[in-house]
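The first chain written gets the first letter, and so on, giving A, B, C, D and E; residue counts start at 1 in each chain.
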Amino acid sequence: MTALLEVRDIEKSFGGVQAVCGVSFDVHEGEILGVIGPNGSGKSTLFNCILGQLVPDRGTVRVNGRNVTALRPSRLNRLGVSRTFQLLQVFPELTVRENLILAGQEHRGSRLTRLFGARDAGLGSEADRMLDFFRLRRLEGEKAGSLSYGQQKLLDAAMAFMSGSRLVLLDEPAGGVNLTMLADLRERLEAINRETGVTFVVIEHNMEFVMALCTRLIVLAEGRIIAEGAPADVRRDPAVIEAYLGH
Amino acid sequence: MAPDAILTLDSVVAGYGKMTILNGVSAAIHRGAITTVIGPNGAGKSTLFKTVFGLLGVRTGRVTFNGADTTSFEPRRMLDAGVCYVPQGRNLFPELSVRHNLELGGVALSDTSRLAGRMEEMMARFPMLREKANAQASTLSGGQQKLLEVARGLLLEPKLMLIDEPSIGLSPLMVQEVFSILKDLRSAGVSILMIEQNARQALAISDYGLVLEQGQTRIEDTAQNILADPRIAQLFLGGGLAPAA
Amino acid sequence: MTDFLQLLISGLATGAIYALAAIGFTLLWQTSQTINFAQGEFVMVPAFLALIAMRWFGVPFVASLVLAILASMLLLGVAFRYVVVGPLIRRGVLPLVISTIALSILLKESVKDFYSAEAQTFPTLLPDTLITVAGVSVSLAQLGVLAVALVTIVLLQWFLAGTRTGRQMQATAQNPTVARILGVPVERMILYTFLINAALAAMASLLVSPIYLAKFSNGETLGLIAFVAAIVGGFNQVRGAIAGGLLIGVLDNLAAAYVSTAYRQAIPLILLVLVILFRPQGLLGRREERAV
Amino acid sequence: MSARNSLLIGLALLVLLALAPVDLNDIGVPYPGLRRYGTYILTLWLVTAIAAMGVNLIVGYAGQETLAQAAFVGIGAYLTAIVTKAGVPFGVAFAASGLLTFVIGIALGFPALRVQKHYLAFVTLAFSVLCWLVFRNEQWITGGVMGIRDIERPSFLGWPLRNHIRFYWFVLGITSIMTFVLWWIVRSPWGRAFTALRENPLRAESLGVDVRLYTLLAFALGSAYGGMAGSLYAPLVEFIDPSPFALGPSLLFMLMVVIGGSGTFLGPFVGAGIAVLLPEWLRAWETWYLLIYAVLVMVMMAFFPSGIVGLATRLLARKARS
Amino acid sequence: MLRKTLALAGLAIGGLWAPAGFAQDIVIPNIIELSGGGATVGAMWKNGSSMAVEEINASGGILGKKIKLEFIDTASDPGKARAAMQRALDDKPVAIFGPIYSGSVSATLKMTADAEVPQVIGGEAGNLTAQGSKYIFRTSFGQNVSMPKIANYLRDIVKAKNVAVVFVNNDFGKGGRDAIVKELAARDIKVVADISTEAGQADFAADVIKLKGANADAIFVYLNEEESARFLREARKQGLNKPLIGETTLLGQKVIDLAGDAANGVKGHVGLTVDAPVPAIQEFGKKYEAKYKTKPDHNGVKGYIAPYMIKAAAEKAGKLDGKAIAAALRGMTITPDKVPGILIEATWDDTGEIDRISFLGEVKDGKQVITETLPKLKK
């Protein structure tokens, strides 16, 4: 079985400071992989290298066996890789429903059918499903900018699933979300994973959230993987504790 | 409230836009001591500093420094009151010389005639600054830059220094040097409130610790007790600490 | 060769004026992200302020020049900062661009309607004596322009680098947040840059008007060239603006003499496009590193 | 507003506009119809609005900047004038104007988009002045500063449009079609993608939206609207010279769209209306209208950045609520 | 919503009706350059024509009716001039004044011909009168008349074999340049440099260097007044010691005021000048200066004589009718003894071309001196 996502020997440095030093790992179909590590350990840089936002100095990224290293984000997305961002990234002037349709439209038909075809690019029922699934139905006509922070986070996550991606990378989905909303979000993500088998890679600082959500964890420190395994094991790993609390 | 507190926070709420980061923080920071703030990312540590220093508005609650209510103070008034702030990351003016970067720490000095003397003292204390006085700040190493930032903060003879993640990006040797400088400052009577990722190392040189989670104070205790507290690992690696009921 | 030197000196004298306008342009950009499309008019107006003082109120010439500089600082500095830029500073670049375009129309039409549509002679401090060295003839006035402009630039550089206030201004431009943390009065520093911009524009105006006459429409090309000079030299650098201004002044003359008078205006613009494509930070600029 | 309502309002406006120059006394309505001048101004307004719609697509919807719309209008106008005088039918000239400006838009935008955001604006600024220089100096083809005289108004299906009312109806027809097309684009997934790249290009890119391509499309489409407006401008005025295609008029196009309400569908019409009609309304102040216009723009920018249409929508919404 | 939108639209369209003038007055629209590049020119014309109208009204008007001038700005843009013309013609005026820029005249002359309204223009481009309109009338020589005179001057008096031409690249300058190049060729005079400059150009260093290098026997300078002044200053600075020959815009008082000493020694042909050795013109200059605090130039004179042309023609025709006035003006000679405001005797031919005396002059000691008066072409 080949891995859905294959990361090999990624290296990236900024102005002489090595942010990521030779990171390799695989992500398998249906997994929820968490990537954790203290501040400055290189998680975001690694993420951006995988997603084409940054060009790695070395190493390759493969999706379904296809080399996608340094592919532009829009191309990567059309190959079935979605992502969310650490900071809020919805389109405030579009309605909730339009945000969802936008998130899927570039995967439907050709550019011409998108011009001459249906307004919703045939994504109406898909959007409906997401609205219901993420419990945003009553807000569908609101401008996304008028939603509360937590609701926007839900919408942001929902948008990642509109394109039918098989691999979704979530960058700090829990950041700034209050406790009740957090439970909601986790439960929704688990449900999607269960029902559709979508694979997740999650960067997250909220350990409680990440320990409960993920099936497997990778721990980064100073740009390297220092531990890997089930959440319960990782939590007990002295190397991990040291990385977090210092020596 | 501790009678020797230099800074106290009373149910402070603050945040950015729609996001609330501090959900009613209360704490008392001891005079003449080093206090380290620890907590997982997103707990609101840096926000706490910005709020205390007046860069971010206090929504509700009260901040008291040295006995005076400073809740609505602007940074300039905080400086005048005797607080300096060394933020995270690189905060020098890259195109100015080391000397001029240092000098800018004295902008708020009420008596400008003292500036030259103060700068002289700083250069005596940190000889590196004198050696490199005319170099562009951007040519300094990471550790040297941090030293310069600390020296710049000290120019005003603050009573309290807020220092955010001083060790980040520094070599272990340099971290030791920075920490020893902080200890020296404490001996000189400066109170220090520090955020530090490297919790164990920081607590080891600290007198007190303050544990934040979800924008609230979870533990306020001596550094020793916190170091020994088994809940700390749990705090960082999941499980969280229930708010004291 | 003589021709070339002649062109070079003329170009430098004009270029020094462009540099004065371009420096202010970059200062405004650095401290308040203001792209001032009325910069050319800022150079046009002060001469008329001096003319008003002289002809309407009978103020002596030298006093009029001083008054014009002061009035410019008030009108094009303080009022511009608080009335035009103030309400828009948080709305981003585009609304400010639109507003300054409107301001340029306002200034131009005001001078035309309230003073005169005709070109005006403007007295000069320097006699129009000619000096000829090795076949290159230069008027004293022209040398004066070059000298005064260069002295102004040197003084400005000295002020920015050599005085504490100047360094506080630099600090504000390089990192306003840290400047604020150190207690730099950021708001006041921003106002200073507006005052300096107005003063530089006034200097340029009073230098250029005796040679090229004062007219309400003088700002049109000047503004465009200051803009081009600032980008070509490096938008975030005072020294870039100086180099850009001098370069374009010289280039314009050389292009007119050796390429085509009809297309002389095209040369700086082609240079602009090339710089944008191949060295977007400008010839002497540094890359913008400031996040957000 | 629902699609049906918008279409209804659009149609009603169209009928009203079509009747504006007609003497209705014959059918018992006490309305004398606009005279030649009023009709001419209305036609000019429509032509200006087409070009302004293009600017609105670029600036208001896609969040880019253009300082060259007048140059694109000029390219369309010169192309049409030159080829129709050489005997090419107007329809072909019109299509060619749109196509040429579209292609130039792509060619201009492609390199500029490799660099920072405002740099597209700077490149268009340079392009605008360069075009103007060519119009002025290449006398053999553009007539130089003397311009091109006696540009014939075309026939439409054998129906000569020499008469001012007929030509007005012809322009009105084309404007309606182009308005509809833009309305369609803006409501289609393309329009959504344009909005997305205005609001958050990074996020849009991560959702599969090819930001560079859509930006180019918006810029080229908007420029093509300029070219087609120019194609109508030439036979309307029957004379062209370089002055209306200089940098100044390009800047005025920006002002027009912003004051009307950028990113709103009716904004360009209101903005063009103000730019074309305001001098007429302020005739009593003679030359001072530019002063008043400038002050108006500055006040609008400071207090109502969403433009007149944005302001009106807000007032109407408030009224509806109370 | 629908009703409101329609009401708004109705209001907007309603704004397009201009209020009608007072019925008892004759309204003459002046379609002139009040803003944009030609603002200076338009202001002069406006002052001149206003002054004439005041005088005419004070002495009883035209055929017992008072004249009222309406000033419409073309913004120096032919498209806008055309719109303004359309509006003016809708009111069926007896005459139109302006535009002054040849491009704007070119864009509008067909309309006045169609409407059969006489159009008194300020434009000097040669081709304006060659387009078959029977309704345009010049107030000054067209370049088709003045350039042959200059070419003769260059050949006969300056005795130049090689001439350099420097012109401003607008309809005025370019038209003049095209005309002089043609005339010079016809006289076997070589054009050794042909230099285009911009309106509003400040720095003429490069242009003067080119001229120095051209080694011409004389330089023909055809720029607007301000640019003429800037050019002369630079020419003097660089010691350009060739004869500088020009037209009205090189020798005018305005140029002398602006250029100072540098204007001394320039020579040329002057079609219309306030400094002409004609008492009526000098009188006019004084009145104008007293009233507007600034010296008039030839555009002021052009504006001034326009109302007198209409007055004379209307009185000859005996009625206030555009077609009749135009018919009267064609082939008409107006003399100052009957109509003092015409200043100098002038005759219009069938194409609207003006014929009157003109002058050769030069600038001496900061004054324009007329050295010779050239007679009318046709007696």
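Observations on the model:
Note that in this section a contact is a pair of C-beta atoms (placed from the backbone, for glycine too) under 8 Å apart; a residue touches a chain by one contact, two chains touch by 3 or more.
Given the structure is predicted, the values throughout are model-derived calculations rather than measurements.
The set of chains in contact with subunit D as well as subunit E comprises C. The chain with its CA mean position farthest from that of subunit C is A. Inter-chain contacts peak for the pair D-E. Using CA-based centroids throughout, the chain positioned farthest away from subunit E is B. Spacing of subunit C relative to subunit D, judged by their CA centroids, is 33 angstrom. In whole angstrom, the spacing between the mean C-alpha positions of subunit B and subunit D is 57.
For the pair subunit A and subunit C, the distance between C-alpha centroids works out to 49 Å. Among the residues of subunit E, those touching two or more other chains are numbered 35, 37, 169, 196. Contacts with at least two other chains are made by residues 109, 112, 220, 262, 265 of subunit C.
For subunit A, no residue reaches two or more other chains under the stated contact definition.
The list of touching chain pairs reads A-B, A-D, B-C, C-D, C-E, D-E. Residues 1-2, 4-6, 9-10, 12-13, 15-18, 34-37, 71-73, 76-79, 82-83, 86-90, 102-103, 106-107, 110, 125, 127, 131, 169-171, 174-175, 196 of subunit E are the ones that touch subunit D when the two sit in their complex. Within the complex formed with subunit D, the subunit A residues making contact are 51, 72-74, 77-78, 82-83, 85, 89-94, 98, 101-103, 105-107, 114-117, 119, 121, 159, 163.
For subunit C in complex with subunit D, the touching residues are 35, 37, 84, 87-88, 91, 93-95, 97-99, 101-103, 105-106, 109-110, 112-113, 220, 224, 227-228, 231, 262-263, 265-266, 269-270, 272-273, 276-277, 280. Put simply, subunit D touches subunit C in their complex at residues 59, 65, 111-112, 114-116, 118-119, 122-123, 125-126, 129-130, 133, 136-137, 247-248, 251, 254-255, 258, 287-288, 290-291, 293-295, 297-298, 301-303, 305. Residues 164, 167-168, 170-171, 174-175, 177-185 of subunit C are the ones touching subunit B in the complex.
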